[in-house]
Amino acid sequence: MDFGSINPVLLVASVMVSATPILLAAIGETVVERSGVLNLGVEGMMITGAVVGFAVAVNTGDPASGFAAAALASAVLSLTFGVLTQIFLSNQVATGLGLTLVGLGLSSLIGKPYEGMKSPTLPKLDLGPLSDLPVVGRMLFSHDIMVYLALGIVALVWMFLKFTRAGLILRAAGENHDAAHALGYHVVRVRLMAIFFGGACAGLGGAYLSLVRVPQWTEGMTAGAGWIALAIVVFASWRPWRVLVGAYLFGGVTVLQLNLQAAGADVPVALLSASPYLVTILVLVIISARGAHAAPGSLGRPFHASQ
Amino acid sequence: MIALEKRPQPSRGWLVAAPLLAVVLTMLVGGAMFAALGVDPVEAIRTIFWDPLFNPQFASYSRPQLLVKAGPLILIAIGLSLGFRAGIWNIGAEGQYIMGAICGAGAGLAFYPSESLLIFPLMALAGALGGWAWAMIPALFKTRFGTNEILVSLMLVYVAESILASVSSGLLRNPEGMGFPGSRNLAQWDAAANRELLANTGMHWGVVAAFVSVILAYVLMSRHVLGFNIRLSGDAPRAARFAGVRPARIIIFCLGTAGALAGLAGLFEVAGPAGQISIDFNSGYGFTAIIVAFLGRLHPVGILLAGLLMALTYIGGELAQLMLGVPGASIQLFQGMLLFFLLGVDVFTNYRLRLGRREVA
Amino acid sequence: MNRRTLLASAAILAAAPAFAQDDPVKVGFIYVGPIGDGGWTYEHNEGRLAVEEHFGDQVETVYQESVPEGADAVRAITQMALSGADIIFTTSFGYMDPTIEVAANFPDVVFEHATGYKRAENVSTYSARFYEGRAIQGHIAGAMTESNRIGYIASFPIPEVIRGINSAYIHAKKVNPDVEFSIVWAYTWFDPAKEADAARALIENGADVILQHTDSTAPQAAAQEAGDVITFGQASDMAEYAPEPRVSSIIDNWAPYYIDRVQAVIDGTWESQDVWYGIDQGMVEIGEITDAVPEDVREQALEMKDAIAAGEYHPFTGPINRQDGSEWLAEGETADDGTLLGMDFYVEGLSGEIPN
């Protein structure tokens, strides 16, 4: 077997691109879950972002407006989930699944006129001398702006959660909402904002699929990416930097698998496609076996001030 | 300022009124959506909710189909509801359903083409065991290490799907199938077929199992100490521990039952309506059942009704596509709306609106 | 609403409407994907629209999209028959057993199942010889590749896909003995992101021609982005990517067949049959070969197309050996349809193994 044709530089570059949508969605969901809310509707929000971003980019000719509109649309959609779960106290698991249904249905209705169209896509960023560096230039500094923006969001989320007071409040709401409430924090408001942010990130991720990575609109095009994002959050045990690792790992396994096949290796495809999930389970078990219960304490539990 | 105040007891009136209100709201908003799509809203709503039951052209076929579609949903949802009552969040029923179907079908096909009467019971047993074993993975991790079962069970769905793709084009592939993926057709093999028990009723063993499970769950939850312990573990975990309830037992019982029922549902489906193991024979029943469980408020009778309602929107939705040419996506959106409204108005069962100054809790 | 109502009793499953001369013929279609997939289902729906166009008021068409294969298919087909459909096209392999099952209950409705092998009195099967188109693709690909590496995005290891790979390879090899095929099994018919990744992986591994047997246009977009890579439209023309990267395409043109069969129902001459049509009958069309293809290659390709259409040339003509070197077809021998339908082996020269 000859793997000589696999170019590691291009491989890493591909992984960075192919991981960006799930990275964006996962980092958003991390914030949502750290605030104590489990939103299983990531898939629905992503695909809504994908169609809205595409439609707006086609109509305005400007991918940046597409991304902005996608973030806004998905965030607004996620607020229906927010209102139902936080104000009407509905069950988060069921509502999240409902959000997925709504998103998938809505997106294909919106998308009908845009099938088979092409959209303006994001140019590669010209980073001057950085892009010209040998090896790392092609690997790291030859992408479009969203790849770096996604990394920036990860860094910001990390700083927000770790160093800011607002981040502390958000984590408090997630760990123990009753205590946070007793301390006078507005648990519901905090969570609504987190859900809004999660929606916006998922929307960006979806738009990255339809505007850069594929780039076109086709019905059902997220094909499960939202569920993978959910897995990554867990894999990362709710830590931003590990979300980055997780997204690159998940994206990486797929890309590597395809590359190995392209290079002529006999790959047990079924086994490999299941491997990220098996690894995630393993990670979960190891974390919990060490006694560190990484999941936010109030994750998925409804909160009402009178309880 | 409007505030929600918890009722001392769930309102009986709202218990009935909430689902009705939700259906009416869905009809209004959904009707507006259909109108926007250029379809007569009254006709669309009638096609979805009325025609499957009473249209002379379809009803005699689609009424039994309601049972066929609702059967697996109810069976899975009943199992899930036990865990949900106890605060155990198994959202991987889809995986347990797949593994049940694979194990059950595999156990049967190992004896092909025997016509022994034992084949079908054996398959049912293997199906239940397959689902049970798949659910034991998150159960053991949770009891051993405290690992979060929501996530493990969800991850295992993807693993099950990979296994399904692999066996349907490998191990269980029909040797006479011209190289196409998919197992032999179990519905065409007498010993293994899960047939309609009474002609034109839609009643097959899976539907029977669903009804039986509703009754057993009802008895368990309202009359049996184990049911009491389950509810106690969910409502007041600390109190349950003081009362001597062993959490590990509850976890193993709830997850195991849910897995076994989901596995059974998978086997009955694959041996009957679906007929064969194929790459995507699973059509999301495991996830839809979660919705059904919550729509039924985790109560056995509620689940029965919710399963039937959900099945009605599926079948009515198909009729609407067929007769009115509405896009499939609009039906998906319609179901999503129904779910949102049902979940939303349900709050009034346990809370009431208060106008005026918000009290400090 | 259709006036032909059915008896609401157990007998419905045996009863079916009598034809009334002034009633339009109702034509039903069951689709496996959404119409907007841009590939497989899209083309079947184009066929439906062509039927409407051709017959006008004489027909009424109905369809249902995204019908899962299995239990839901039985119901969808039955309901369509109950709604008074006179002829129903079930357009995916997975509807085979459901179609046969429903057909037994509706002896007066006729059924047409795409790509299957089970038939009945009132069930025909039809399929297209896509491998004829693959031969022409293979020829263009072999002639145009500079890296001598051709990437192939395959969906599932089923005979139809394997046939396509073999046909393309044989003809690429013929014009270019140094050519090598890199085959990636995507295990999906439709997942734009994964298809795009697969195309990128192949390109990064040196392929400068991408053939695809998956349904989305994502590989075309990936090739366009990479530059200097050519592709071929699959199932539908994908003309929005012409003249480059898409240099030609295989189009599934179901319209003539659908019109033909509906006409037979109208005339009362419909009979169960098994057809496997190719370029000859227009079921497989070769989309426009663009200017990106050198003139001489284009002419050879068109010659081959004419020869196949005229029945003078069979893409699987010996000598051809199996991958393990054993003889499959002797000099001058052509493959029989039975072997082609169940093809589960690579021809000599292809590397790698067919999964499972």
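Per-chain numbering from 1; labels A, B and C assigned in written order.
The working rule: contacts are C-beta pairs under 8 Å (C-beta built on N, C-alpha and C of every residue); 3 or more make two chains touch, one makes a residue touch a chain.
Not measured: the values here are computed from a predicted model.
Novice: Which chains are in contact with both subunit B and subunit C?
Specialist: Both subunit B and subunit C are touched by A, going by the contact rule given at the top.
Novice: So, comparing C-alpha centroids, which chain is the farthest one from subunit B?
Specialist: Of all the other chains, the one whose centre lies farthest from subunit B is C.
Novice: A-B versus A-C: which interface comes out with more C-beta contact pairs?
Specialist: Here the pair linked by more C-beta pairs in contact is A-B.
Novice: How many Å are there between the centre of subunit A and the centre of subunit C, using C-alpha atoms for each centre?
Specialist: The separation of the two C-alpha centroids amounts to 36 Å.
Novice: How many angstrom lie between the centres of subunit A and subunit B, each centre taken as the mean Cα position?
Specialist: Once rounded, the distance between the two centres reads 28 Å.
Novice: For subunit A, jot down the residues that touch at least 2 other chains.
Specialist: 108, 112, 219, 270, 273
Novice: Residue numbers in subunit B touching 2 or more other chains?
Specialist: In subunit B, residues 165-166, 327-329 touch at least two other chains, as defined above.
Novice: Two or more other chains touching the same residue: where does that happen in subunit C?
Specialist: 34, 187, 355
Novice: Please name which positions on subunit C make contact with subunit A in the complex.
Specialist: Against subunit A, subunit C makes touches at 34, 36-38, 151, 182-188, 190-194, 196-198, 200-202, 204-207, 216-218, 221, 225, 240, 351-353, 355.
Novice: For subunit B, which residues count as touching subunit A in their complex?
Specialist: 4-6, 37, 89, 91, 137, 141, 144-148, 150-152, 154-156, 158-159, 162-163, 165-166, 287, 290-291, 293-295, 327-337, 339-340, 343-347, 350-351, 359, 361
Novice: Show which residues of subunit A lie in contact with subunit B when the two form their complex.
Specialist: 38, 40, 80, 84, 87-91, 93-95, 97-99, 101-109, 112, 181, 219, 227, 230-231, 234, 270-271, 273-274, 277-278, 280-281, 284-285, 287-289, 293, 295, 300, 304-307
Novice: Please give the residue numbers of subunit A that touch subunit C in the complex, ascending.
Specialist: The contact residues of subunit A facing subunit C are 5-7, 10-11, 14, 18, 21, 108, 111-112, 115-118, 121, 209, 213-216, 218-223, 225, 254-255, 258-259, 261-264, 266, 269-270, 273.
Novice: So in the complex, which bits of subunit C are touching subunit B?
Specialist: Residues 2, 5-6, 8-10, 12-13, 34, 62-66, 68-72, 74-76, 78-80, 82-84, 93-94, 97-98, 101, 117, 156-159, 162, 187, 341-344, 355-356.
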